[in-house]
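The same chain A turns up in both complexes below, where it pairs with chain B and then with chain C.
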Partner chain A sequence: MLDVLRARADWIVGLALAVALAVLLIATGEEKALVIGTTTGSAYGMVALGLVLVYKSSGVFNFAQGEFGTVALYALYMLDFEVNYWLALLGAVVVAAMMGFLTERIVVRPLFEAPRVILLVATAGVALLAIGVQIWFGDAQGKPIAKGFDRVDRVKVFGVQVPDQQLWLIAMLAVLAIVLGLFFTRTNLGLAIVGASQEPTATELVGISVRRLSSFVWVVAAVLGAFAALIAVPNGGSFAPGIMTTSFLIPAFTAAVLGGMTSLPGAFLGGVLIGIVQSVATTAPLFEDIPGTKETLVVFVVLLVVLVIRPQGLLGKGSA
Partner chain B sequence: MALLEIEELRVGYGFPVLMGISFEVEEGETAVLFGLNGAGKTTTVASIAGLLKPDSGVIRFDGEDVAGRPPTKLVSKGISLVPEGRRVFPALSVGNNLRLGAWSRRRHRNEIDERRQLVFDYFPRLAERADQAAGTLSGGEQQMLAIGRALMCKPRLLLIDEASLGLSPALAKTVFQVVKRINEDGVTVVIVEQNVGVLPYADRALIMEKGTLIFSGVGDEIQHANLRETYLGGDH
Partner chain C sequence: MTAVTATEVSDEERGNSQMRPAGGGRFRPSPIGWLARAVIWAGVAYLVLVVPLGQSPTDVQQFTRGVCYAVVALSLNVMLGYVGQISLGHQAFVGVGAFTSAYMVTTQGQSFWMAVFVAAAVGGAQALVLGAVSLRIRGLYFALITLSYGLVAQDNIFEIQELTGGGAGQQAPKPQWFETEWRYYYLCLAFLAIVLYVDWRMMRTKSGRALLALRENPRVASTFGINVRLATLFAFVVSGVFAGLAGALIAHNDTQVSVDVWNFNLALVFVIMTVVGGLRSRWGLVIGGAFFALLPYLIEKIPGFDELLADIPWVPRVLTPEIAPLVIGPLLLLINLIQFPGGIGQQLRPITRWLGGHRFDIHDKGPKEVQITDVRA
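Then we have the complex of A and B:
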């Protein structure tokens, strides 16, 4: 019995934290922060999942993780002129997946044996290149982006008026989280990715090509980045070159660190946590007097505190 | 024709380690590979399993030269290695470790269930712990899991690198007995050992020293007590 509990420890701790936080926020009348924070936070969580997956498989922090998302947004923006919104969304995900695949083939694979620092710089290069192409395609200005749901009718959740779109997003996020959870615990491919991240040699020995798995991991990471961007950004109404790098990469990195850079559920829950903390910090009357962009500040504070107090992450198990 | 034929195998890590070794293992045998630390035992079995590319020489499996092929190809041909240090997937359950072991046969669902049953039959302890994360198993249980995982691909040749390392003498004996059963069920076994307690279970003994093979014998000649003193040093 105790063994079973221990094996699920990260889930139990994470869920307990989440429930406690939700109760606290509702009790103190911060439901709005809870709802908004959960949506943005889930997007952070997905980018963080992408970071952790690539970190486990290629041993590198992927600076290009954010730009998979921005490129998806550009694809959505351009396809939206041509086709139905939903087709455009699908197209955007496909474009991001292709970018992930090509990044692995052209940049990561040739550097398979190279020191990780070189690969790190190479991923930063991919991010810069992507931002450059975005600027070249349009200009450095923000662009309006269509919403899937323009209707004005609103629903109340915990007494908060929530736009339809937000509800859809939360539903989609819940489904995605479940699908990802099942993928990594129930499918051969998902189990292989988890296995390869810990024991590459044993993975080869059971007949799985770790290199081939690597391109798949990069595609999954890119798709996660695209989901995050497509879910969180159109909600705000506009976007600009590099937006996923400037406003999502650092919170997502913080979320990944919260999960110890190795725990997949930890990274996702970490993202939700950061989203809620950020949203409380920006709306709560308590912090009203602090000037400046509190969103960024609060993320840095969390990052610093975690790195100093628990570098192995909230849910990490000792050395990573 | 022997199932495994090694001819003039040379392997190194930028510098030579195996200096051209040759030996054969007949189908249905259990062969033990002895040698002191650094003799090149791990290098030998890792090369047979495809983890290392030989500089020269022949590794013939079932009549076909497979030297230099990647492990993914060799697994489907029926060569399976239990690597040094066990290397179970710590975050995955015992059941999922076995499931990944059957990756090369993942299309044959019924067969996978049969294999799992067989592994549980060899190691009942694993059945009790099917849902436990492999990283939380004891060292002995991890060794059983590593062997079980290597059996899931239905190998014809099972290579085991240091089965008894870190096990109590009693547990080492249990593992040797199971290996004998596996062998009797039709799997050819090559087992790397430093523990001469394995000798009663072996048909063939090979002894390595500094990258060369210095002894190869079968049957009664390997059960002689002075084998231990002559080749393995008195302290074993």
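Then we have the complex of A and C:
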């Protein structure tokens, strides 16, 4: 029994933290922030899942993760004129998956032996290239984007309306987290990826090609980024070039760091936590006099505090 | 790492000395060799100093921007090349410098010189604070912090109406005596020369060599009595001062600073031009910075470039000068990282060595450690 508990320690600690936070917020009358934060945080969590996957398998901070999503948004925008929404959505996810695959093949694989910071610069280059091409082929203006579900008044939690689109996001995230969790603990491929991230040499020795696993992981990460963008961004009604990098990437990284950079449930919880902190802090009197949007500043402060005080994250083991 | 490098270099030297003519001594070019070098030097000087005189004011403004970007590249090089910490938020340092200088001149009525001094000081102070807070944070995590800081600058610092003048932007007139584009160009060249000189002297001092040792291995460095924290902070401040200075120069070149140019894309362009230029290679950095600043200008000047693009199917629009760096830059970066990790500087090294009075050796790529692959993860 104790062994089982220990094996699931990060889940249990995470859930306990989440419940404690929820109780605290409800007790202090901030339940609205809880609802809003959970919905925005779910998108961060989904992007963070992709970041953690890539970090686990290749040790790279993937700065192109956000742009997988924006490229998918563009694909959805273009395809939506031609075909049915759901078909367009599928097409957009396929486009993102292809981008993930090509990024791994063309950029990551030749730099397999290079230090991780070089890969970081390279993925940042991929992100900038994606933004540049978006502006080049389209323009810098915002574009309208369609939703999957239009009804907004079906569900009300603590007096806050949660649109169906948001519910879909949360459901999708929960399903993905569970599927990925099972995948990494129960399937051969998943275990091989975990092995490759922990001990590449030994993994090669037992006959698993670490490089081949890497392209699979990048495709999965790209699909996660695409889903986050395709479901979360339409709530705002429009999108612009680089939107996933400028407004989702850093909160998602903060979420991943908060979760310890290698923990999937940690990334998920970290995302929700960042969402809640953002929505509490932006209404707090402390931040009233600060000009501009406060969300960015809140994320910066959280990131700095976490990295200085507890660099291994809330659920991480060992040093970061 | 250091030891290995040292052996390799000395092996190379030995190889060279065997090739030297008997009678030994240092290689000296023949009179014809000197003449050839002098001609090339004169050509470079002509290109930099005389050619702009015959150009239109708008073109000269572009050249000045090239000089300013060279300063930015040198600033980023101090962090990336000497300390081994990557800054993805350098547009914040440069941008705050630009706004500070414009604010000092327009709102506070100070002189240009005072404004440049304050901008450089603010840049240094900013870097000092960020460096001090994040001394424990290295490599990938430091990149995150700086990127996040850059976004904060974009969303919060540049939203301070008094500093930035809001949507209209802040005016930044050119200084007295340097009102024309040409004079201001020479002023910026002088500043670039000072920055190059400071950078060169700095790496010859004890603290400069301490930095290089530190990049190789902080633990070994500290056992040799190097104060790791102090040396790192010192480099941060130098980098911040250069960035603030570059910002001020850019502000007064454009005569108006607006908020929307200091964005995330610019930060990435800065990193790309530094890496493409070649870390720790001063000439490479200057060329890299100038190249990226002049990319829009070059694209306009290349005849038939638009027609060439229009002939390619699938490409819907012409590549406008504003977008060009965002598309061409990353492509160059990726080619660079995968094929030529030493950047422009390393590729040019045989020529720069030759110009410095050494033997021409096409295989001279400098010491092995001159690679961007040694930034600590």
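Note that the second predicted complex is superposed on the first by the 301 of 320 C-alpha atoms of A that agree within 3 Å, B and C clash if a C-alpha of one lies under 4 Å from a C-alpha of the other, contacts with A are read in each partner's own complex, and residues count from 1 in each chain.
Simple rule for what comes next: a residue touches a chain if its C-beta (ideal position, glycine included) is under 8 Å from a C-beta of that chain, and two chains touch if they have at least 3 such contacts.
This one's a predicted model, so the numbers in the text were calculated from it and none came from an experiment.
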Open item on the list: According to the stated criteria, A:192 is in contact with first (chain B), second (chain C), both, or neither; which is it?
Closed with: first
Open item on the list: I'd like to know which partner A:303 touches here: chain B for first, chain C for second, both or neither.
Closed with: second
Open item on the list: Looking at A:18 after the superposition, I want to know if it touches chain B, chain C, both of them or none. Which is it: first, second, both, neither?
Closed with: neither
TODO: Once the structures are superposed on A, label A:204 by its partner contacts, choosing first (chain B), second (chain C), both or neither.
DONE: first
TODO: Identify the partner contact of A:90: answer first if only chain B is touched, second if only chain C is, both if each is, neither if none is.
DONE: neither
Task: First (chain B), second (chain C), both or neither touched by A:115 - done: second
Open item on the list: Taking the superposition on A as described, I'd like to know which of chain B and chain C A:102 touches: first, second, both or neither.
Closed with: neither
- [ ] Counting touched residues of chain A, say whether chain B or chain C comes out ahead.
- [x] C
- [ ] Could you please specify the touching residues of chain A with respect to chain B in the complex?
- [x] 3-4, 6-7, 188, 191-192, 194-195, 198-199, 201-209
Task: chain A-facing residues of chain C, complex - done: 86, 88, 133-134, 136-137, 139-141, 143-145, 147-149, 151-152, 154-156, 158-161, 263-265, 268-269, 271-272, 275, 315-317, 319, 323, 325-327, 329-331, 333-334, 337-338, 341, 372-377
Task: Complex contact set, residues of chain B against chain A - done: 49, 51, 70-72, 75-76, 80-81, 83, 87-93, 96, 99-104, 106, 131-133, 136, 149-150, 152-153
- [ ] Could you pull out which chain A residues touch chain C in their complex?
- [x] 59, 61, 63, 106-107, 110-111, 114-118, 120-122, 124-129, 131-133, 135-137, 242, 245-246, 250, 253-254, 257, 290-297, 299-300, 303-304, 307-308, 311, 320
